[in-house]
Amino acid sequence: MRLVAERLSARRGEDLIFRDISFDIGAGEALVVKGPNGSGKSTLLRVVAGLLPRETGKVRLVGEGDHAFETVASACHYLGHRNAMKRELTVEENLRFWKDFAGDSAGDSGIGIDAAADAVGLGGIVHLPFGYLSAGQQRRMAMAKLLVAWRPVWILDEPTAALDAAAETMFAGLVKAHLSRGGLAIAATHQPLGLGAVKELHMAGFAEASAEAWA
Amino acid sequence: MTALLVRDLKLAVRAGGGAMIGVLFFMTVVAVIPFGVGPDLNLLARIGPAILWIGALLAALLGLDRLFQAEREDGSLDLILMQETPLVLTVLVKCLAHWIATGLPLVIASPLLALFMNMDAPAMAATMLTLLVGTPAITFIGAAGAAVAVALPRGGLLVSILVLPLAIPVLIFGVSAVYAAVQEPAPFLPPFLFLTALTLVFAVIGPVAAAAALRASTD
Amino acid sequence: MNHATYVAAAYAAAFLTVAALILWVWLDGRARRRELAALEAAGIRRRSAGEAR
Amino acid sequence: MSEQSLAIRKFSDLANPTRFLALSAIVWPWMAAATALFFAIGLYLCFSTVGDYQQGETVRIMYIHVPAAWLSMMCYSVMALSALGTLVWRHPLADVSAKMAAPIGACFTFIALITGSLWGKPMWGTWWVWDARLTSVFVLFLMYLGLIALNRAVDDPTRAARVSAILILVGFVNIPIIKFSVDWWNTLHQPASVIRLDGPTIDPEFLRPLVVMAIAFTLLFFTLHILAMRNEILRRRVATLRRLAARAAGHGAAAREETLR
């Protein structure tokens, strides 16, 4: 399976954030999106995830099994700045909800909740309310969310921003394991993720005020 | 889908949940009315159904603003939008959970408050029945308002302003059905059936509009 | 309805409320003790537990 | 050790939840037994005394209604005292006491309302009148429920305790004002047809079961309050241990990662 983006552009409000972004990644490949602050990395990821409308261009899945997905978004996991976990519920309740609600995409299946917690190095505390965890632990539990339901594409927005070195290594291991299962990953980051050889996409950080209309 | 229903119900009853606040608000509002109009039992019995309905309407609106805002604040909304499950269905289930947590307690509490209003048994039963049928309509149409106001700061008051006018038909048919049940010549069924029809229509319009608004509100 | 019914209803209501209260206190206590036991079984104890006595 | 820290130590010893747990464990079975005894005597007296010539059998409702109403006010006073303890002395047990008294007080107020209503139906012919006394109790009931809701809405218990302590005290100051204004409102509106609650002076025949029942209810309140406080202390201990566990798990995992590398 390949994830192909062709000549994407997007705007926020009146401003065109980026223009003519194209990439093509295949199974087992990762794309790292780099660029200065405000260059539109997050916007690009949200456009790919279908959370923001695109101005022009196309995102599609090509290859075997692509009929299984109604939309590109339904083939993706999105790990944004916020963890999408409820403080009042225990970690287990949170993870179980996402496991049941998201369900597995065609092709593979997610791992159990305890196994996922073990994989992020926090086994044994799934019975605690999510709000009791420290910021780093919360982030790691949010990563466990990627593991409990299978999605071929991982979209990661600054995944390791609040993490220490050990957790970064742990996360690189998770992504590598995902790639080796035939998954794809797109990550926007400043830090090197330690994934080895990956494709890179440099966003120029171009900001062109809307030429038409109000200019 | 049951997972979503169970999660929302859990969130409602856990610490900080809104399940109890709605009923409390309802009780307080209704309890304050006699201080305004005086303790004349006959008068209270006459205006009782209307007071109960207005109280229930306000209480049902309370907490609606958090329906999607809480999801948006912690990022859950993004993930919900991305799923294969139709968003309309998700919204419908969320409305259902919200109604079970806040609307149903209002229905259950209404006979007690009817006692305070000195209403007789038929009026009490009619009020309870119409509330049972009518409050889901408020939740459904309120969901549309909540979705529109999801990205706004201080959306709470705005939701009430947006939704109250839309909920007027529910109030009209709910109250008139109760009065029809109590006062002899007027038949009970026509307004009650109108109320039922309104709930069914809003059960479609509300989630569809809310889903569209949620899709449009992402940033 | 005669007056005895009202008396019986009043006593029943009071009894039920008190019973619910006692039940709540009891169940709450049992749940807390279980949680504490589960935590202790997981090897988590209070730091002061050793020196407290 | 300096003198000051010794003094602090002594004070915190009094506030020590562990000590409270140990002490209350000894006390509560005795209190429960005394409660049961007083209830047995009280209930026997309730049903062995003759009915009132005017009120008939319904006077027996008074034997639970009056103690419940008395407790609904006493419980609020206990909460107000605890609130003072929270705000002035920062006594952690005062937090616990105020928080756990609220549901118990709400239950007794509920009993008072229900039994009053069941008394009113045969005597007045209606379940509820907006009589000054009844209305005041109802307002008190709403305040209890509001306090419970407030405690549930704030997830940090110490912060919740400070906020609700302030509200309790405001309420305590406000209750006479509410009572006064309700009286005023009531005399302004009261239709003459409604019979006032004040009956003839109480006969000693009725006084005896009333006093015994009042003692029994008071004992019941304190027993339940102590047990509920024990539960709350355990709940906070569980929360602390869980935080500890969360912290330990992070460190353990980090250490494991370190050794792996």
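Note that the chains take the letters A, B, C and D in the order they are written out, and that residue 1 is the start of every chain.
Methods note: contacts are C-beta pairs under 8 Å (C-beta built on N, C-alpha and C of every residue); 3 or more make two chains touch, one makes a residue touch a chain.
Note that the coordinates shown come from a computational prediction; the quantities given were computed from them, not determined experimentally.
Distance from the centre of subunit D peaks at A, each centre being the average of the chain's Cα atoms. By count of C-beta pairs in contact, A-B exceeds the other of the chain pairs A-B and A-D. One finds 33 Å separating the Cα centroids of subunit B and subunit C. Subunit B has its Cα centroid 37 Å from the Cα centroid of subunit A.
A straight line joining the Cα centres of subunit A and subunit C is 46 Å long. If each chain is reduced to the centroid of its CA atoms, subunit A and subunit D end up 51 Å from each other. Counting partner chains per residue, subunit C shows two or more touched chains at residues 42. Within subunit B, residues 15-17 each touch two or more of the remaining chains. Residues of subunit A in contact with two or more other chains: 87-88, 124. Every pair of chains meeting the touch criterion is listed here: A-B, A-D, B-D, C-D. Within the complex formed with subunit C, the subunit D residues making contact are 18, 56-58, 60-61, 64-65, 68, 103-104, 107, 110-111, 114-115, 118-119, 121-122, 220, 224, 227-228, 230-231, 234-235, 237-238, 240-242, 244-245, 248. Note for the complex: subunit A touches subunit D at residues 87-88, 121-122, 124-125, 128-129, 131-134, 136-137, 164, 166-167, 169-170. Subunit B meets subunit A in the complex at residues 1-4, 6-7, 10-11, 14-17, 73-76, 78-85, 218-219. By the touch rule above, subunit C contacts subunit D in their complex via residues 1-4, 6-7, 9-11, 13-14, 17-18, 20-22, 24-26, 28-29, 32-33, 35-36, 39, 42, 44-47, 52. Residues 155, 239, 242-243, 245-247, 249-250, 253-254, 256-258, 261 of subunit D touch subunit A in their complex.
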